[in-house]
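Two complexes come next, and they have one chain in common, chain A, joined by chain B in the first and chain C in the second.
Take a look at the complex of A and B:
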């Protein structure tokens, strides 16, 4: 079993990697001489990416007052930090959008991820403890570790899913049984391999067991709660059919009041549909 | 849902102290969350096991330290322990339940709805009646050092929700008969071996057809003037091929994947919102070997049926991961709406309509859907019968091959044979190819049939080669559909490689009409075939779409002179003129010619005299089954070669 885990970690590079355009954008953003103009030029060199990015920028996610029709204008409005997240999200979804999985469609997977990202953003904004931008990306990436499980070990994952379907346990626990690891651990390793900022790796690693995080961050707690919201709303799925159990401390760490939950849920539902179509529709 | 306020929710706290105990302020909102969760999940439960796992998960959130047990009323009015948590404590909990029956607490719970009782300073027990206003289903037990008042209220509501689910499961039966395990020592705790609720399909975990029909029945009965019932039948295109080529284990795995994937896609809030339905209005079931059924109750907007089909298509579009590569599967979907009135008032009628629509969808090609409309009722049915007959024939290997010999006209040596496909009805009467080939072409089944033929011929070639017979080539007819699809050569090459048959042993016959279907692709296919070493002959030459153009542009091996120009030969000047011209032209272009339909000795003599290289026809040899061919022609060749040696 542990071999499966070690084997999986070694084989992560068999997955598609992030496109060069993401790395170029990131370098430019980290370069003190870099400008949003340069970033926009890099993005516009890839018309498909530019079009997709504009759709996402104009979606309910950012709630821009007016429709923007140039990449530079979009980037200027949302700012440099969010530019990184937007480019990462857009390139990542594009890379993985059309790959075949098994018992879950890639569409369902991204619907769940996007719903979780949207919920995380709303929770962060309402709760006031985490950065909405970071919470959003953490939510979007939280289950990314499921992709290697589906793609690299379809048979083992199929068996785990069947056990889950037969109600033998939460999928997260069954992954431990079948792989000696979990999508949380694998996901964090994958993100670290891509050199994604640590806060997102930590959120992926601990979104099921936020109490075990060495350095608790509000984004981890928010991702945990957002995952529950997305699961219980059942917008898409990454495989799990049950809602995870709430960690009380994480709930408190979000700063959310129970009375605000209804608004969070409603905004999540309303926003997710639009954002999903911005990311996924042709 | 009518949730009458249950008296027990109003029962006073056991002691006044408990009300003010800490934690209540945060617990109560949590209880609401748990209940909301339960309300979302319980309607989706199909079995007792599922129901209890939801209840246990909810109860663990509310009272993490509690041990729980559920007792259901049996037909003999006894209560049987059907689940407990943790499982290891089954004996202890059973004992405790017995003690509470003895002490009268159990009776109190049955009578009043609940009984909270502190047996020891360190142990309190809560008994809740699982009942709807109509019927008592059982009793649930929680035991812990302390169960706060708020949690008790929430558990009461949870138990009421569970009772409603049980009522839904039971569908009129008096009580649940649960297999008891009292006779044998408990190994690994209680298992609900025979889950009595909704029968689930072992392979996919979806509901069975019987449940699907019951669901439809109930949904039809509950129609209102503004709602109807939608039914979809989904069929995986060409699934029998998956089974045949990848094996049944792989086929099962893919069936499971498809089922889970579609089930997840259907149980999504965005989907419910589009349709304006709730989760309990939906029943997704495995209705046949590779067929799924979806029933939608309380459908207000049947015009959304199109969107449902598109939604389902979009979730399988990316394909499935299979041995490291992508396997594309498509769905054909037939949809039918019950209407608000008595149009289709039985599940059977609705299913029949959906099935007709499904067949229609299949006819229009793969990956399509069709919505049933009453006006196309009977028109398509003979066609449809042929289609399902073809499906059956493929599954049961009911096709057979006949062989017609080809002879060199100068020396009358056997130079080849044309392979002809035959299909018999179950009663033995033959169906002419002119009837079933067009159907097979329109449904796409022609490709599978074509593969079957090729494989079969290869088997036969190997068998005859092993017997040492003359290594003649065999001509296989390829339809226009096949010729207009890419990868034709690849298909032949793959099968021949697997059967270890050299390419020169297979000749491909195509008609000009087939070429005209998609000239560009046809040309590419013919080129590829020739490059791979297959001979390609133009069949029925002269009657087709643009005879001379095909001669000029296509890299063919030779032409087969249509019977039309042979049948009137000798005597009819026009026929003679045309035959002679075609033969001359072919000679000039260096194309060999095979004359078809030679029925008389005079025709044979004429064609031989005009330099036609080879021919076939009733006069030379009719198409015959395999064994007869071997007896009549190979035995003959053998004898000939024996004589000449």
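Take a look at the complex of A and C:
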């Protein structure tokens, strides 16, 4: 079925793209003469985005001591690097929020993605090996390749999902059978097409098989474990129903101890609901 | 407690003997999937479990519902590597959460 894979990669441009405001923000952040004031002005020109971004900035995700009510204040507190991640996450969720996915609800998809991002941030902070901010975005983006599968090939993906529900295998392996590819590979291609920094593409590409990564990075290991935690807790779903297989090397690369899992689970549960409503509720 | 009601993370309260009277497992041993299988292969279907606060709480629950929750979790984790201590710990945390949410 290799033609399905080639087909899919060519049809990725049928999906909605990241809005111009994301690219303008990114250019400004990368420009040595750019300032957070300019970034804030770009964001405020889009009132819906500005309001959404403030909700996310004030959510349990960042744990700010006091509520911020201007975009510039929010960006100043979280810093330039996290500003990029926040704008990317906010615009991306908005672009895909209202599309129908068929077999899985878009809300459930983002709930799982956000839970994975939140878990990744906690694991990175407790384990001390990965950057919490990068781990969070890697977790949030890890399953993005499922969107093209559901949107572009709903029938094939529906059949793969049914086989998965019948416990014929992990959804990742069934995708390989049905598409000759997987959401991991497609997701990495999608992110590379958007010129998203490589660490996030690599985490999406290898979160199921971290051992196969050419350049192992702590963010890949953290995303693998965070996905397993989010799947076990069943906070939302991108389609997978059964807990995946843990890669022992990836687990050890996170720096986490088994006894710290309880804290990871508790923080993930406590934070995810608030962050999900900040991203999704009107 | 019957083997079917045992969950990873519980502790044996008494030594377990094989039919010849030899000690199989010492009291205080933490229950794992592998241990349950081993007990089953010896034909043992009931052991004594340490009654700490959590177990006392779960003993008060309707045993059928608790068994149903375990069955659902067993299915959910059936394609994972359940011999890994981290998976066992996650299973335990999910079980605790599911029992607490009823």
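One rule holds in what follows: the second predicted complex is superposed on the first by the 282 of 282 C-alpha atoms of A that agree within 3 Å, B and C clash if a C-alpha of one lies under 4 Å from a C-alpha of the other, contacts with A are read in each partner's own complex, and residues count from 1 in each chain.
Here is the rule we go by: a contact is a pair of C-beta atoms (placed from the backbone, for glycine too) under 8 Å apart; a residue touches a chain by one contact, two chains touch by 3 or more.
Owing to the predicted nature of the structure, the values given are computational and were not obtained by experimental measurement.
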Superposition on chain A - do chain B and chain C clash or fit: clash
Broader residue contact with chain A after superposition on the shared chain, chain B or chain C: B
Which superposed partner A:30 touches (first chain B, second chain C, both, neither): neither
First, second, both or neither for A:10, with chain B first and chain C second: neither
Partner chain(s) touched by A:214 [first = chain B, second = chain C, both, neither]: neither
Touched partner set for A:229, first chain B, second chain C, both or neither: second
Touching partner for A:261 - first (chain B), second (chain C), both, neither: both
Which superposed partner A:165 touches (first chain B, second chain C, both, neither): first
Partner chain in contact with A:99 - chain B first, chain C second, else both or neither: first
Intersection of chain A interface sets (partners chain B, chain C): 167, 232-234, 241-243, 245-246, 248, 258, 261, 269
Contact set on chain A toward chain C in their complex: 167, 169-170, 228-229, 232-234, 241-246, 248, 251, 258, 261-262, 265, 269
Parts of chain A lying in touch with chain B, wherever the complex brings them together: 98-108, 111, 150-151, 154-155, 158, 161-162, 165-167, 232-237, 241-243, 245-246, 248, 258-259, 261, 269, 272-273, 276
Chain A-touching residues of chain C, taken from the complex the two chains share: 75-81, 84-87, 89-91, 93-94, 97
Contact footprint of chain A on chain B as seen in their complex: 26, 29-30, 32-33, 36-37, 40-41, 49-50, 53-54, 57, 60-61, 205, 253, 256-257, 260-261, 264-265, 267-270, 273, 314-316, 318-321, 326-327
